Every structure is written in C-alpha cells, then in structure tokens.
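There are two complexes below, and they share subunit A, which is joined by subunit B in the first and by subunit C in the second.
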Partner chain A sequence: MTKTALIIIIFLAAIAAGILVGPAPLESQILQLRIWRVVLGVFAGGVLAFCGCLLQGLFGNPLVEPYTLGSASGAALGASVGILIFGAINPALAFLGSLGVGFFVYVVARIEGGILRDRLILAGVVMSFLCSSLVMIIMVMGGRELYEVLYLLMGYLGTIIDATNRTMIIALIVVSLVLAALLYRFHRELDIISQGTETAASLGINIQRFSLILFFSSALLVGMTVSIVGAIGFVGLIVPHVSRLLFGPKHRFNLAASFILGATFLLFADMLSRTITVYELPVGVVTSLVGVPFFIYLYRK
Partner chain B sequence: MTALETKEICFSYDARRVIDNVSLAVESKEFLGIIGPNGAGKSTLLRLMCGILEPESGHVALFGQSLAGQTPRLIAQQVAFVPQETHFALNFTVEDIVLMGRYPYQRPFGRDKAEDIEATDQAINAAGIVDLRKRPVNSLSSGERQRVVLARAIAQTPRILLLDEPTSHLDLLHQYRIMELLSNLNARGLTVAVVHHDLNLASLYCRRLVVMHHGKVHCQGTPGQLLTEKILNEVYGTEVRIIRHPDKDVPQVFLHTEGQHEDRQ
Partner chain C sequence: MLVSTRKAILSAGLLVLCLASCAQDEKKSHYRIVSLSPAMTEILFSIGAGDKIVGVTTFCDFPEETRNITKVGDFSHPSIERIIGLKPDLVIVNLPEQSRVKRELEKMNVRTFVSSPASLSELYSELSALGAELGLQKTADSLVSYIKDNLQAEVSSEPKRVYVEISPRPLVTIGSATFLNDLIHMAGGVNIFADLDKDYPVVGQEAVITRDPDIIIVLHPEDITGRTGWQNVRAIKDGRVRTDLDPDHLMRPGPRLVRGFKQLKAAIND
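Showing the complex of A and B:
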C-alpha cells in the first residue's frame, strides 16, 4: 500500500514539475503549452509502458516491447512519409504505418489454423529493421525535413497543439485510454500465460484469439501514440521491469503501475530534455541517457 | 459410465501421422495408465483428450458431449491437465499459482470469490504443500513444483485429471508422494489418466493400462495381462524380464542385460 501511495505522490510531483519547471517565465501562454506537454507525456509514457507490460506478459519474454513487434517502427515510417509529402507529421499516415506493419507481421506468422507466436516476434524484429532503412532513405531524400524526422524518431512532446489538430489529438487520447482500460481485464490471462500456452489452454484460454486481440490492440495503441509524439524508445521496455521489481509479477498491479510509472518517467525525462542544454533535446535521447544507469542500478541493488 | 471417449481420432504434425484412428474410453472414476515407447503418440493423445489439440478427424466426447461444441472454459471446469514440466516465466508465489486453477470459474474484472479461496486452500492441503504456500515458485525443487502444478489442477475441481509423465525427473520420495496423492484423489472419485514412462510405477498404481504403439492402441487390459515379456518385446523392441512385486501382486519389469556374464567373472 505504501508503495502505491509513493508512486502516486511521485507521479503528481512529476506533473507539477512538468508544468512549473522551465527556463521561460510562467505566462498564460507558456502555461498552456506546458499543460499540453504534460498531457502528452502522461498519455505517451503511460500507454507505451502499458503496452510493453502487456506484450512482455503475452509472449513471456522480457525483451519484447512495442518496437519488437514492428508497430512503432511502422508508425515512424508512416509519419516520415507524411513529413516528406505534407511537410508535417500526419497522424493518419503514422497510424496506417503501424497497422500495416502489424498486419504484415501477422500474415508472416500465420499458418493454417492459427499463428506461430515465436514467428510473430521474429517477423516484428525483421520488419523494424526494414522500416528503419526506409526511414533513412526518406531522411536522405528529405534534406530540409531531416531535422523533423530526427525528432520524430527520437520522440518529441512539444508538438504544437492548436485549433487545427486539437480535436483529433483529444480523440486519439480518449480512444487510447478507453482501449487500455478494456485491455486491463486480461490481467488474469496474462498471469496464467506466463506458465506456457499449453497450461493456459488447459485452463480455458483461447490462446489464438487472445494473442491476436492483444497484438492488434497494442499495435493500435502504439500507432496512436507515435502519431502524436513520435517513436519514444526505452519506456516500453524498461518500465514494466521496474514495475515488477516493485510490485511482483501479478498483472493486476503491473498493468496499472506500468502506466503510472511510464507517465512519471516520461514527464521527468521531458523536463530534463527542456532544461539540461540550451537546445531542446528529443525526449527519447533523455529516456535512454537517464534510464539506462537507473535501470542498471536497480538491477544490481 | 464413460467419462472421456475418443472416437476414431486422427492427428498429424506436418505430414507425420502421430495419432492414427484411436478409439479409447476412459471410464468414470478409473485410474488409467497410458504407456508405450517414445513417439508412440501418448502425450499427443492426452492433449487431444482435453482439447488443447483438435483432432483432424473423429471426435472426443466428455460425458457424452462432444468437445468441439464446448467452450474452452467449460471444458476446463471438467478436465484438468498437468504437463510434464512447467516453466514459470514469472516468479509467482505458490498460492498465486494454485489460485490460477480457479480461472475457468472467474469473470473478467471479477474479484477472487470466497469459494475460489476455499478451493485453493483445500488443494494446497490435499497436495501437502501448506508450508510452501508463501514461497516463490522458482525457489522450489522440481518435485515441489510438480506438486504445486498438481495443486493448481486440484483447485480446478475437475471431474477428470490428465497427467503427462508426472513423475519423470523426480526422486523416489517425490515419485511416491505424487503417485500416492493421485491414488487418494482417485479413491475419492476423481477419474485419473496418466501417461507413464515408468512401467513399474504404472503397474503399481494403475488399475488399467493402454499400450500405445505407432499412434495406435496396441492393446489394453490390467497390468497383469499386459506387462508380459512378449508384449513389451513387441512394443519396445527390448528383451525384458518380469517378476512379481514383493508387496503387491503386480508385475515389475526389468531389463535383460547382455553384459551380466562378464560381470560375474
């Protein structure tokens, strides 16, 4: 109980810090920008860590994360194409990229009568590489837009939100949160599946259907996230581990804790990205820079 | 009454047929042993019997109802399956694992009900793992882990328990404990079907045996009828010697060794 209280207090502190800390004075316009940043940070950090927890549980593999299954890279590819064509991030294209790659991975892993779960991971990793190469080509072709693609690849919470995109972004956030809440019902199935698919099947879980629901739902969630804030790495991989270290293996706690810890982590990382240099660093750079030493410390302790 | 029945079922992995037209009935409240050499299709048969695998042709009936028409959850309320070995990717405590046996009775978003907790406690008692219940499962020995998995299956409150080589890799004491536990459960009315590699344990505990060979049922009957030098030689391709168990009047199987004369010199 005290641990729960502690992570909630830290989470609230991160929100307050995200709004109050920064080089510019607190005027109403700055305040508004920072509040949006915090909203995006909570949303992106929470959803990515939640998906990481979901996928690590589903595949019983601690190295799986949204990137492993190709959906994040697919979203980044779609968004890069959008930058090349329209000169700005286009959520619809990012979204399409995520689902398109997800579907391709699914087709590769499909066999008569179902999917091969191991092949799903392998196909996802391979597709991630393919997407990265294509993004590189776009960067070379783009020239002037290179800078924007770079930020997209490393993640950026400072997306300007105005009348043109506000409704859509709010809609994406609401849909994501509702979907995540619905997926939370699978915490028991995720606990059981850690003992192997045969055991899960013998306890009455339809493994094929369950795997597909989770795979496509997380592709959807990741697509929506990347389309707004870019491909922020590391959060989805590491936060579920931290959550398990703190709260043990039960997904009833871990899914919720991953969301809160992921949001907290990304808020602090974003705050650092805005303050440690005179330039604003992509937040994905900071998540890795700060996250790796912290993670090593936690595991060595 | 017939508890579980396979009717002319076939199953292949890729193009290799591993179950070839098997019709087999497991009677209610019996203690059945399924034996046979490696690759005979024993484990596959067990998985077909509880719906983990679906037959290519033929069907499996559970108390007269075809498995194909039932949800996995409904099947899991009646049949529990204990695999040969369980890998625990996450380090749950023993009582968490046993409680997962209640999954077929639980609703999404629902809490663990009093009856779930009660069934878990009873299963932990029955399996004799009360002193282990708070322990993380990966800190246990393989014999202890096997009893945890068995407790999970008991918590499932099934009418039929299927086990795939539950005593392989276990030492004598743990073999004995597992088999005695199964024997007790069977005496209280649970139907038990066990795939066994250990012919002597099968002979001691199972009242009826089925011999699988090349994906077919080779023969079935009591241990006394089946564990003969002739049948075992046919199926395993090895020469054996049979003697009676000193305490119980059942056959026990020994290998015939070529090197015995040299040893005496």
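Showing the complex of A and C:
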C-alpha cells in the first residue's frame, strides 16, 4: 500500500515538474505546450512500459520489449516512408511497419505448438537491423526530411500540435488507452503463462491464440506510439523490471505499476531533454543516458 | 612469318589505341570543371563558364541547364569515382562539408578550388579568385560589383526581430553561422536566434514563443498559423508570417542573393 502511494506521489510530482520546469517562464501559451507534452509523455511512457511488461510476462524473457522484438523499428520504418512520400507521418504506414515486422518475427520464432523464445529475440534484433538500413536509405534520399527522421528514431515529445494532427493524436491516444485497458484484463492468464506454458495449457488456455492476440495487440500499440512521438527506447525494457522489483510477479499490479512508472520516467526524461541544453534533444537520448546506468545498477544489486 | 604477323597485330593495336586517345584529347580540348557546390554552379553559369561544367551534384538545380549535366552524387556524399571518371581539370569543393572529398582528390592530383564563404567579403574575394583561375576576371568582377551594388545594408534604429523556420518537425532555424543571418541584419532585422553559434540549430517551441518574433519567415510548405500555443506570438497576431520567400535565393551565396535580399528587405520593412 505504501509503495502504491509512493509511486503515485512520484507520478504526480513528475506531472507537476513537466508543467512547471522548462526553458521559458510559465504563461498561458507555454502552459498549453507543456500540458500537451505531459499528455504525450504519460501516454507514450505508460503504453511502452505496459507493452514491455506484457511481452516480458508472455514470453518469460527479461530482454523482450517493443524494441528488441523489432516492432518499434518496423513502425519507425513505416513512419519514415510516410515522411518521404507524404511529407508527414502516416499512422497507417507505421502500423503496417510494426505489424509487418511483428508478423515476420512471429513466423520465424513459431514452432509446432508454441514459440521458441530465444529465436524471438534473435529474429527481432535481425529485423531491427534490416529496418535501420532501410531507414538509412530514406535518410540519404530525403533532403530536409533528414532531421524529422532522426528525431523520429530517437523520439520527441515537443512536436507541433495544430489542426492537421490534433484530432488524429487524440484519437490514437484514446484508442490505445482503450486497447491497453482491454489487454489489462488478461492479467490472470499472464500470471499463469509466466508460471510455465504447460500449466497454462492444462488449465485450458489456448496459448497459441492467446500469444497471437497479445503479441499483435502490443505491436499495434507500439505502432500508435511511434506514429505520435517516435521510437523511444529503454522505457519498455527497464520500467517493467523496476515494477517487478517493487510489486512482485503478479501482473495485476505489475502492468498497472509499469504504466505509471513508465509515464513518470518519460516525463522526467523529457523535462531533462528540454532543459539541459539550449537546443531540444530527442527524449530517447535522455532515456538511454539515464536508463543504461540505472539498468546496470539494478543488475549489480 | 609468325613473328611478323604478331608485329602487325601489335602495331595495328597500337594505332587503334593512339587514335582513341587522340579522339579523347580532342574532347578534352576545353577546360573541364566539376562543381560540388550549388551556389558555385550558379556562379559559373553567370560568369560565362557554364559550358565548362561536366559534373554537378544532385543539389545543383539552377539554372535549367544543370539538368543535363552528369550528377556525381549528392552534396554531402559525392562519389569520388564518378568525379575522377569525368577527368576534371578543376573540382570546386565546399568546405567544411566536403573536406574528405577534397583530401581524396588532392591525393590523386586533381586540382581543387575551395568555396566556403562565411561572409559577403569572403564571397567577393572567392569570386575574383575563381575568375583569375578560369581567365574570366572581367565577368567575375562585374558579378562582384552587381552583388555589392545591390546588397547595401539598411540602417535601422529599431531592428525587427525575425524568426526563420527551415523545417517544422523538429523546429530547425538558423543560428549566427549562416549567410542568411547576416542578410537579415543587413535588411534591417535581427535573427532571434543569433545568439546560437551554429548554422542550423534545432530549437524548442517554448524558445520561439518567449523570443516573440515580429516577423516569421517560413521556408517550408507547411502552414504555421494554427499551432497550439502560438496564438499570441506577435508575428502571428499581426499577420506577419511570410511564406513566399524562396530558400534558394536566401541560402545560396550566389547571384540570386540579390533577388533574395530584395524580398527579405520587403518582408522585414513593409
């Protein structure tokens, strides 16, 4: 109970910091921008960490996350293609990228009656490399799109909101939050599956179908996140570990805590990214800079 | 018998080779230039050396004639092999972006002409040096005086604050290390990001809003007037957002600067 209170207090502090701290003095125009940044930060950080937690539980592998499974890179590739062709990110292409890469990874890792977990990561990493080279081609071919693709690859919350994208962003946020809430209902099944697939099968869970649904739903969620804020690394990997350390293996607490902690982490990272230099850094730079030492510390402990 | 046949074949072969190389000499009779700088390509055409250009980058898109000239790659990664294959007498390189290309070419004893004007006076001296190099001193000097005469600094007691937006996502603007920054000052304005000692820095929306520009010059096709949080920026409230300026006129230190400067002056002072 105290732990729950603690993470909620820190979460509220992160929201307050996201609104109050920044390079400009707070006035009504700046306030509008900061509120948007906080909304995007809560959404992206929460959803990415939630997906990481879900996938780690589903595949029983601590290294699984949207990035290592390739769906983030696939979405980034789709989004970059959109930038090159339409001059703007096209969510449909981002979904196509994340689902397409997800499908390939799934096919490679699938065996009779289940999934080879080691092969899953291998296929994901290989596909990420492939996507990176394709994105590189786009960056070389594009002219002024180069910066946009670069910020897409590292993630950025300070994007401009106007009539052309406001409705789309709100719609994507609502849809992905609803999808996440639906997936949350599977927390019991996830608990059972992470105990071992045989137990789960004996309890009547159709593992094949269950993992298919969860895997592709999370790929879709990642696609939505990437098409709004770009591909942000490390949130999906480290946050579920922290959440497990605090709340144990039960997914009922774990998934919810991952969402809140992921949002908190991304809000603090974004606050740093817009204040430590006069320039605007991509937020992924900060999540990696903070995330890597934190991760090493966790594992040395 | 056999030996003499061989000799005959050999000498015939030599003759063919000689003829081929003579034909090539014929082609090479005029001076061959590869220009890796879009601004310099424009300058070469305007001083009457356009017919000497045998290779350009994909960024060299003005004047129309550049369309039919062999492309050797883009501005930042031109292909050394393609350049060498054109057998140039002179390659015009842009520094600092093409310093690697320059080193490679010099290793192969290809003459290079460096272009990296950081100011107008540097542009003028580069132009006369190029004229001397090509034996076109007269036309080069008249181009210099044409630019000089038309780019006269405005003196403004209260310079207008100007924000230039190169790209919207993320926001890329110009710092003090650009030609355009100087042009804005000469046209009676001040770049709101002149304190950033960079060429094209990425800035935040908050920074633009707090610096509250009087005039916004948009160099990309997107509409910026409906942005959340920007409603009270002076330039947007006063309707002083200019989208009609051509970035090529403003950012290429070449003959079209004159037109760009006129547009800029009008945008800032009208």
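The rule is short, and it goes like this: the second predicted complex is superposed on the first by the 278 of 301 C-alpha atoms of A that agree within 3 Å, B and C clash if a C-alpha of one lies under 4 Å from a C-alpha of the other, contacts with A are read in each partner's own complex, and residues count from 1 in each chain.
Rule of thumb we're sticking to: contacts are C-beta pairs under 8 Å (C-beta built on N, C-alpha and C of every residue); 3 or more make two chains touch, one makes a residue touch a chain.
Quick caveat, the model's predicted, so the values are computed rather than measured.
Peer 1: Just from the overlay, do subunit B and subunit C fit on subunit A, or is there a clash?
Peer 2: With subunit A aligned, subunit B clears subunit C, so fit.
Peer 1: If you tally the residues of subunit A touched by each partner, is the higher count for subunit B or for subunit C?
Peer 2: More residues of subunit A are touched by C.
Peer 1: Based on the superposed arrangement, let me know which partner A:A24 touches: subunit B (first), subunit C (second), both, or neither?
Peer 2: Only subunit C; A:A24 stays clear of subunit B.
Peer 1: I'd like to know which partner A:L245 touches here: subunit B for first, subunit C for second, both or neither.
Peer 2: neither
Peer 1: Identify the partner contact of A:R274: answer first if only subunit B is touched, second if only subunit C is, both if each is, neither if none is.
Peer 2: second
Peer 1: May I ask you to decide whether A:Y156 touches subunit B, subunit C, both, or neither, giving the answer as first, second, both or neither?
Peer 2: second
Peer 1: Regarding the shared-chain residue A:V126, is it in contact with subunit B (first), subunit C (second), both, or neither?
Peer 2: Touch partners of A:V126: none, neither subunit B nor subunit C.
Peer 1: Touch test for A:L203: subunit B only (first), subunit C only (second), both, or neither?
Peer 2: First partner only.
Peer 1: Just to be sure I read the superposition right, which of the two partners does A:S194 touch: subunit B = first, subunit C = second, or both, or neither?
Peer 2: first
Peer 1: Please indicate which partner A:A16 is in contact with in the superposed arrangement: first for subunit B, second for subunit C, both, or neither.
Peer 2: After superposition on chain A, A:A16 lies in contact with neither partner.
Peer 1: With the two structures placed on a shared chain A, what shortest C-alpha distance in Å links subunit B and subunit C?
Peer 2: Taking the overlay as described at the top, subunit B lies 40 Å from subunit C at its nearest C-alpha.
Peer 1: Using the superposition on A, tell me which residues of subunit A are in contact with subunit B and, in the other complex, with subunit C.
Peer 2: In subunit A, no position sits in both the subunit B and subunit C interfaces.
Peer 1: Spell out the residues on subunit A that touch subunit B in their complex, using ranges where they run on.
Peer 2: That would be residues 57, 60-61, 185-186, 188, 191-192, 194-196, 198-199, 201-206, 244, 248-250 of subunit A.
Peer 1: Tell me, which parts of subunit C touch subunit A in their complex?
Peer 2: Residue list for subunit C touching subunit A: 74, 77, 166-172, 196, 201-207, 209-210, 220-224, 226-233.
Peer 1: Which of the residues in subunit B come into contact with subunit A in the complex?
Peer 2: Those residues of subunit B that touch subunit A are 47, 50-52, 71-77, 79-81, 83, 86-92, 96-97, 100-101, 103-104, 106, 108-109, 156.
Peer 1: Would you tell me which residues of subunit A are touching subunit C in their complex?
Peer 2: Within the complex, subunit A contacts subunit C at residues 22-25, 28-30, 32-33, 36, 87, 140, 144, 147-148, 151, 156, 158-164, 166, 274, 278-280.
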